[in-house]
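Several structures are given next for inspection.
Two complexes come next, and they have one chain in common, chain A, joined by chain B in the first and chain C in the second.
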Partner chain A sequence: MSTGGDSENGEHRHPGKQPGEDHAAFSALLEDSAEDLYEHAPCGYLSTLLDGTIAKINKTLLDWLGYDHGDLVGRRTFSDLLTVGGRLYHETHFGPLLRMQGEVSGIALELKATDGSRLPVLVTSTVKTGGDGQPLLIRTTVFDARDRRAYETELLRARKEAELEREELKRLNATLQQTLLPPTLVNVPGLDVAAHYHVASTDMVGGDFYDLFPLSAGAWGLFLGDVCGKGAAAAAVTSLARYTLRAAAVYDPDPAAVLGNLNTVLNHEYNGHDPRFCTVVFGLLTPEGDRGGFRITLASGGHPPALLLRADGSADHLHTPGGQLIGVLPDAHIATATVHLAAGDTLLLHTDGLTEARPARNSDGDRYGDEALLDFARALAPTTASAAVAAIRDLLDTFGTGVDDDTAVLAINVPRPTSEEQP
Partner chain B sequence: MTRLAVHTRTTPAGPVVELTGELDYDSSSQVRDLLPALALQDGQQLVVDMTGVTFCDSSGITALLAARNHALAARAGIALAAVPDRVSRIFQMVGLDQVFPTHPTAQAAEAAWTPPATRP
Partner chain C sequence: MPAHGFGCDQHMWRLVVPLLERECTVVLFDHVGAGRSDLSAWSRERYSTLDGYTEDVLEICDELALGPVTFVGHSVSAMMGVLAAAREPKAFSGLVLLAPSPCFIDDPAVGYRGGFSAEDIDELLESLDANYLGWSGAMAPVIMGNPERPELGEELTNSFCRTDPDIARVFARVTFLSDNREDLAAVTVPTLVAQCSGDAIAPPEVGAFVQARIPGSRLVTLNATGHCPQLAAPEETAAAITDFVAATR
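Moving on, here comes the complex of A and B:
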């Protein structure tokens, strides 16, 4: 396997005599010699021995790098011209691939010039074999890739900028989302309260909302709802819904009246080709004095039924049938239900992001569904507000990316007397 | 990414929009974008054939409500045909079963339509 520069010299092409003189003149005008074409080609040419020693190199490449012919030929290897990273890549990938395939093309590498600068290049190499199929030497063309590198740098910069903007959007979305939720839930004497908001996408503000707030005469108002759609337009409706509910409850705390008010406001504000509506549950909580616990009257406008997890370990939907979604019809029907929450009872409100999630374990992308949630609640009961919300959080975690839509949960629970908790 | 196929045909009673696939946030705009181009005459009926709808969320409901508003604005009616069980459960939950007349098939919806009496 000892072939030297001689062999490469044998490779020189001689311009052949052309049959017609015109043709010859034309040809001469184009390229006076193949040698000249080799030396001054618009790309670098390089031939190396199989051990990498540079056997021949053209003027173009020498000029790019700032070397003289004598500096390199027979003295240095191709690898010597590369940056440290490039050398590593050359040894681990480029060389083996070349040996295996006999050709490697379009590999981006960086060459070191004598002045210390780096020249990004695209390298293509082929192995020249002798008549017996034995490899003799490696021929390499080197293309200046500075333009391409500049383009890539520009792409990278644009991408970085886009990522920064996306971060900024996420920050804005998170901030906007926070303004739609109470910073912390108020403390209701005699009640254990917990809530959770699951953000499905950091790119889009969701439309779920909830709140719990004091009303006059020891009563409390609470609501949880879901505005159709997502993004800024939905957030505007969410904001309007939240403030309307709070204000309406002060004016008349009757839950059906509160939702009726919201319906009128949304219906006036949004109709035509861009209807906006929400489904919402509004509850009026009143302590039951001597009897203990709370009475809660829930009004529902088309919202998934609340779950009632009783102290005795049973659980069921608290249906409010016939309630219509809020904001679409001039006089939506609003259904109400009243229950007594005794010690150990937990009421769980949720939005449909939970039941419409597609758990990974469900084959063919089936949704989680109301029945599955009811089974989950039955297994959970009896529970507390914080334990119920923690369990839903864990459940959402198991769904992972299967949760397409934001999900809000709000749980209230009348704690058992401390004596009962003792075994 | 979900896919929704939307196909529109015309009958003497009015246009029939056939939906196949998931009617959700990603796809509902396809239905809403189609509405302005629907030729709907006074007294006609817009039928949305839901035979192939596998899922409908709040955005899908929004699209159907936009269709309803569009029909009402044209002084036409709207009816849903072949609403799948799981979708009809959602409709019941949000109380829309009382808002959209439904028929077992698009044909039945067409048959139920009566041409408007000649107006003076």
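Moving on, here comes the complex of A and C:
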């Protein structure tokens, strides 16, 4: 350390004072003794031989630990001053790093004082080399880190707590998600059904939902939808949408009327300040006795078109154009379409998590899109409900992290008569 | 084939490798979870005992078709060598156990002194935690390798003793809580036990214990002090290894 040199050249002189006065005042303030600076520095100083034997140690550090000079110098090693755990850390990390780099800084260790107490410190060491570049000794500074370590311990504790809470949140989310989906789909005689829910993030509950349930004799209702947003607020809307759809279908099973009622309920519930809306497709399934197969009437409110995969290997969108989002306008326009499902036909409903996914690993890549999905369906047809859902699952898997939104798929298929399946 | 111990990575051998290479072909590796190994290959199940590490050693020998090697295991890796040589003696022409300890924990019931108690190991885990505060945020991307950012290379060499804290905790437990005293007798290949003077981790009686249990093994006490003779006294360490290799050829 250099002391006092600059005061001679007058650059720091105060106006109106004599140079001599200035110098004397500085000298007094600086206590011009390097030895005093060393011994009573506000940090501990320690020099050791390469094997760790203490060669020099300042008064500050001796006082902190309660040792006398003669107890340590030439008798003990730096690692003797450490706790056992600290010694292990010193031998396995600190020492090798110091040998390799010539210096190590800011390592947290604990020193043992003679009274048995422990002093958390931050340690920095450098290797002093001789003129020939060979290491001679190790110089170490030791900073009292009691406050800092208390703060860091608190941070560590908070981080562990946060990790535990995150686990708990994941568990809650998974449970909540399960309650929003039917545990199993009902068995509809003469129909093969399958569904899949793909969770994009375990940190948030997604807003996709579906269900299939019996209505009055010989009719079934099904729906699949997507509430805007994620998390608890979206889950509340999902829950409301689900039981409203079930109740509305009992009240009046006409699909357009069911969605009309849902629209009214959402509109009333979330009127004004916090509009909540969703896209839904609702279907009424009825078996067609003599003709065989099923008749399905679909009503859609702003939902991506269903896909119809025919027994003859063709596939196309089942458009329900002009249907508006449910829950936004007091009188949403709801579009319907009716179609006959014959043996071997499969109807596939999905949410836009699938078509909005980015297949390329690059997150800026193009989205998958309706047309690509249609091509996929054409390659798949003819198929069955479980095969179609399995194919979509595999497709989602290939997208990996490119699926940034939850995805629900529901497929229904009229199986071919067993005789046709025989070769 | 030198294998690094708990704490750092293959850079531990940097000073002895040039000396060994005058006489031998040297195969270096990082244990999975350390250094620049593929961290995604690490799993808690596989690396919660020394068996996973031991299998890795045998896999390296097998994959590279090395033929019989002299395995130099430092610290915990010495026991990996013991387990590997017991399982497949044909893969090894000899073992050098550098600062080994088959069991770090004292066992007063049989008068064994490993040097530590289980509480001491908990204290080490605290030390690890205290020094890993900033790890996950700052170090992970560096350790994971950034080929497109070569300026991080320098930082990487300055951090060779840093590991993912979760992995380090598991490895610390494996290292300090394993007890391989019973496995020593199964070693049939020529073995050199090289212990250090004044080793704070493996006391001298541990070296003698290892030598006594491995049939036909030889014990040398290096002048090197501390637990890492390959850093503290590279010439002496390399000479002990090459002399042993020459004697077992």
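FYI, the second predicted complex is superposed on the first by the 260 of 423 C-alpha atoms of A that agree within 3 Å, B and C clash if a C-alpha of one lies under 4 Å from a C-alpha of the other, contacts with A are read in each partner's own complex, and residues count from 1 in each chain.
In this section, contacts are C-beta pairs under 8 Å (C-beta built on N, C-alpha and C of every residue); 3 or more make two chains touch, one makes a residue touch a chain.
Quick caveat, the model's predicted, so the values are computed rather than measured.
A.B. asks: For A:96, decide between first (touching chain B), second (touching chain C), both and neither.
C.D. replies: Only chain C is touched by A:96; chain B is not.
A.B. asks: Now for A:194: first (chain B), second (chain C), both, or neither, which partner does it touch?
C.D. replies: neither
A.B. asks: Of the two partner chains, chain B (first) and chain C (second), which one does A:230 touch, if any: first, second, both, or neither?
C.D. replies: A:230: touches chain B, not chain C.
A.B. asks: Which of the two partners, first being chain B and second being chain C, lies in contact with A:395: first, second, both, or neither?
C.D. replies: The answer is neither, since A:395 touches no partner chain.
A.B. asks: Where does A:329 make contact in the superposed view: on chain B (first), on chain C (second), on both, or on neither?
C.D. replies: The answer is first: A:329 touches chain B but not chain C.
A.B. asks: Please work out whether A:367 is in contact with chain B alone, chain C alone, both, or neither, and reply first, second, both or neither.
C.D. replies: Only chain B is touched by A:367; chain C is not.
A.B. asks: Should A:277 be classified as contacting the first partner (chain B), the second (chain C), both, or neither?
C.D. replies: Only chain B; A:277 stays clear of chain C.
A.B. asks: Could you tell me if A:302 is touching chain B, chain C, both of them or neither one (first, second, both, neither)?
C.D. replies: So A:302 only meets chain B here.
A.B. asks: Can you tell me which positions in chain A touch chain B when the two form their complex?
C.D. replies: 226, 228-230, 271-277, 279, 301-305, 321-325, 328-329, 332-333, 352, 356, 367, 404-405
A.B. asks: Any idea which chain A residues touch chain C in the complex?
C.D. replies: Contacts found on chain A: 50-52, 79, 83-93, 95-97, 99-101, 107-110, 149, 152, 155-156.
A.B. asks: Can you list the chain C residues touching chain A in their complex?
C.D. replies: Residue positions touching the partner: 5-8, 11-12, 14, 75, 116-117, 120-131, 133, 158, 160-161, 176, 198, 200-201, 225-228, 231-232.
A.B. asks: Can you name the residues of chain B that touch chain A in the complex?
C.D. replies: Chain B residues touching chain A: 24-25, 32, 35-36, 55, 57-59, 61-62, 65-66, 69-70, 73, 92-96, 98-99.
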